[in-house]
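Heads up, the next two complexes both have subunit A, just with different partners, subunit B and then subunit C.
Take a look at the complex of A and B:
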């Protein structure tokens, strides 16, 4: 109790401090400059992207000399907690980054403004992202960047085991066969890490089997289907076959660490991994990337990306909306592309990202767009992702069978979804 | 709290004194300098603490209580739902597990008290060389960041590469994946909890031990008592007020355990059903599921449990705590 009240106290203090700061910022703004001058704030969570975001802000000021954009960086771990508090307190940034799981919560509560009047062309962006940021027929977020998933592999381990590298056209069976051959229990080497990760692993495999995590309208759980079961058992079978570390091992030691330290030959990871692997001197020369292996229905990857959204309560709503669209537009995309940190969502601006690291086949991430499926979300995504994490952890550990686990998950997730629409 | 009590008692005394009609003759002088003024001064000194307590403890507690009867939206705004949250809490299948885990953890942490008494007694031995060094060593965990402690112990417990399994392997004992095995996870965390709290408890016990008069020990020597007899019949009873104090704060602390579990286990841990405590349940409801009203109800249940257990301990102290 003591701890919780102190937590609240700190939060309250922080919120009131933020409110005070906002107040003083307002008063000094109006006091010292002419009435046309406007300062808007832009909330982001990734420090690596801050330089690019500042460049985009300057580019906007160049077009609108009376507007200054102030970047507000909050580490991701606290980002959404702080954002929610500051929205309640009326001190949220004018424009801010949004992600898929949180998007509908903000859109359905009227916290962010529709951007339909900003002349955003849906055809300029991957369809999966436009779908992700559309709520009730209106576009509320303009896709800033995207990430798809592909299969990273360690060439040294493949060479040592005499297994051919993964390639386009690989199927689940190829993956399983290769993983089995690559595993060497004596040396503590595994073929792959079959981690309980949604975006990197089972969200993709469920789509590849022809199933879905959630219906397109976000009201029905898809975990009850036999396709979802196949998508899950792909991974649990790999563990059972000894081709992957166990769930317990991957809880103790992060799955990626198995791959980075050469103890796992394959690792499915998002496009964000490219720059990290290229900068790791122990790893850079030994790895490459291939498309995901195909299940019965194809080799779909989920697509996710950050969206720029405008605070509906912003005092400068028009400018905020304009900047949200601008920060996802062609010019901003070019700036991001040059920085090499993320793949810009704006179609046609992705080549620079691919070219930045020519040693890897990064084109696979762009090619994945063609069949990509949107990241599964609903109005209160967090409520059922907590269920996923909890129930699937027992399935992965082998204490509950995949059939029983998914039946339970489908049921409880449906209850959570039904509660949302009440 | 004690400041509040002091403030409350200070006022009536001042009134009584100043308002007494019989004390009329010398009163004028005393009234100016004495009671009235000292009442004001008391307020001045107590004020900041009292305001802090009211604003940052009492008011949030009241707010939490009110919140527990509402269903709150994610961005503020709430509707009154009566006892719904409490009914739902009692029907929550995870509550039993959380209560059990919290109880087990609390009992495990209490094991740390005899350990701390023993170490404090050893450190208090006259003629022990390097006493300062030992005291410092035991106190270091107390001044170490909990996050750092959690991180290091995670590595020690690691099933594949942990030091613990390495050491056990030397003795031919098979290792374990300590933090993911449902039967060992909670115990493993309790060990860290005990270790991290040892330093504070030892300092309190050392102070208690040094308050035991030498004359009592000398008298026991003369009566022919051996070291064990002296420890059991003199040291422990005379140390009982300190033991009581430590057990009260340890129980309160253990019932609120969260940080170690949050940092050492992580979300996808298969051992979570066997380690989820009340505060972790609160965290999941309030911060993962966005259900603040429900989370407030959980927080209140915990407050009641802590209150009851603390009252019980105070009642029981008459049976075993010796005040000189």
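Take a look at the complex of A and C:
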């Protein structure tokens, strides 16, 4: 009696499951068009750049009338989670954006295809970016854009404090002196935000002091050096002197908000900031940008950029590779440049970006290329950037001295790097 | 009678209770005796809890009407000045809101109906139908609860992909209709019911299906309501799975659509909050309307317990 009922329940379940399957089979029958027409997908993460990417896709279709490029937008925070899943499942986009920290992981696992046969001229792109997307002697990603870092400042606050605007040739001492003068605790105004940001702040200052975060071959941590210590203490000293909000304050409130609200006179930021500031009516007229201040070894900025890569398992690999090169080529660069969103990587096409916002001295971002240092990466970048943020947050908060923090960081990061090469 | 006078009334009569009906306060004698001081403390704690719970929502609503500049001001601007309504327009401009809303609704209904049916049947089977290896199967089943859901992301994705279901509604719904938690919840519920009810039904000539369907399911209403609430909330808010299986904005639920408003280097918070507010409202309204049933369901379970 009971057995049969169970049997019946199971049968009913099975029947309903089968019905469900049949139903779905009907609804998922998507139209497959004639064999000549090809649709490739292009994975990106920045909504602001979507219009420019669509324009590039159309330009590609104009050259290849049988190819349609479909843009797939995934927000940056979830981009690599989704990419990893879809790569493992074999349904990743045919062409997609890649960044420096993740590049070697994908290249070394054969997920993305070498693009050596696409006729990409290395001399058309900044060397730092070509190096970033070269793995084992092959180019796997074509640089799409780049960002360098410069010093934004609020002219109103400088005028009010009677301090001269930052200019080329500024040193760390000039920065510290100006930041101290500009700070006005009573009004809640600070000279600068000494944030625990790598790309915007301490990656630059470590290079400026003559140190490095990681050796060029990506096997040795540079945090044990006295230069790295100087690069870090530049920021912690600014906080200690009261020229910057404390680490706690900058945890409670995004550091950039201090600058946007006119509560911080200086803010180091990447080239992506230009269009955001220009479009902010309350801020646009009050700010400008200057080169980074120089440390003992110069005023280097780190350079990073997105690369276009082709999925090695794409069913239309040839077209995917061609599009990856096209989307980083001269025509695509012109489209991006005019949009003003990012600086295209293709040499010679950067001027339009500078000219798009003539009210700011954006040339400083292009000039920074000359001495720019590559963004620090290794095969498994995420393993040690997690250590960076954990240990340095204690240094920033003042609970661990910079000396002890960096000694610990150098040791643990080295262990992570050694684990990579095994 | 205003809340305040009601409170005073209650405290003088030394009754412990939150807001209650005048009818209840009319017969205070049957209530337990507590000190009036305790009553104030309870109200203070509850009030504090209410403020803590409501504050983020109020802040979200206010931010939805601010200019971007106001939303990132240091120190924070509380009341929008001026009030901006274009943020809502921008939400509709930047994504197919109506389609995403429809997807969210279908996803939620599909998962909830599926879970209620499957978990109720499975829970009943585990609670009442003796079969060989039942406890072993149940423990194995429960062990699914111990595994973090991120771990099935990849295998589930591969199954869905090989079925050709990416970017479809069933990809959003089907993996969500099986629930170890829901089965466990319903099993515990059925376990707590007197066996005599089923025996009575059997004596009256009901077969096991009739016993289940006509007698046990109606009695399990409070459990089903609880399961529904959990499933609805979880489905409406679910982000990771829908994000991974959809690439076409027309197939995405609202949770995924909203996440696309978060920028890499900067986010337009007022627009994001306006979108979030629009996405939260249906849930709020649903629960306000169904609040009565919900509370009745719980009260019902109390009398049976």
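The definition used in the following text is that the second predicted complex is superposed on the first by the 389 of 422 C-alpha atoms of A that agree within 3 Å, B and C clash if a C-alpha of one lies under 4 Å from a C-alpha of the other, contacts with A are read in each partner's own complex, and residues count from 1 in each chain.
In the analysis below, a residue touches a chain if its C-beta (ideal position, glycine included) is under 8 Å from a C-beta of that chain, and two chains touch if they have at least 3 such contacts.
Just so it is clear, the model here is predicted, and its values are computed rather than measured.
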Touching partner for A:328 - first (subunit B), second (subunit C), both, neither: neither
Look at the residues of subunit A and decide whether subunit B or subunit C touches more of them. C
So, A:91: does it touch subunit B (first), subunit C (second), both, or neither? second
Could you tell me if A:109 is touching subunit B, subunit C, both of them or neither one (first, second, both, neither)? first
Contacts for A:81 in the overlay, against subunit B (first) and subunit C (second): which applies, first, second, both or neither? both
Does subunit B (first) or subunit C (second) touch A:271, or do both, or does neither? neither
Which superposed partner A:253 touches (first subunit B, second subunit C, both, neither): both
Which partner does A:243 contact after superposing on A: first (subunit B), second (subunit C), both, neither? neither
Could you say whether A:283 touches subunit B, subunit C, both of them, or neither, answering first, second, both or neither? second
Kindly classify A:188 by the partners it touches after superposition: subunit B alone (first), subunit C alone (second), both, or neither? both
Please write out, lowest number first, the residues of subunit A touched by both subunit B and subunit C across the two complexes. 1-3, 5-6, 8-9, 81, 88, 188, 253
Could you list, by residue number, the parts of subunit A that touch subunit B in their complex? 1-6, 8-9, 12, 81, 84, 87-88, 105, 109, 111, 188, 196, 245, 247-249, 251-253, 380, 382-383, 386, 389-390, 392-394, 396-397, 399
Please give the residue numbers of subunit A that touch subunit C in the complex, ascending. 1-3, 5-6, 8-9, 13, 20, 23-24, 27-28, 41, 45-48, 72-78, 81-82, 85-86, 88-91, 93, 188, 253-254, 256-258, 260-261, 263, 270, 272-273, 276, 280-283
Listed in rising order, subunit C residues that touch subunit A in their complex are 68-69, 72-75, 94, 118, 121, 125, 129-131, 153-154, 157-158, 161, 163-166, 168-170, 174, 207-209, 239-240, 243-244, 247, 249, 259-266
Going by the contact rule set out above, which residues of subunit B touch subunit A in the complex? 56-57, 60-61, 63-64, 73-76, 154, 157-162, 177, 179-182, 252, 256, 258, 265-270, 272-273, 279, 282, 284, 287-290, 299, 302-303, 306
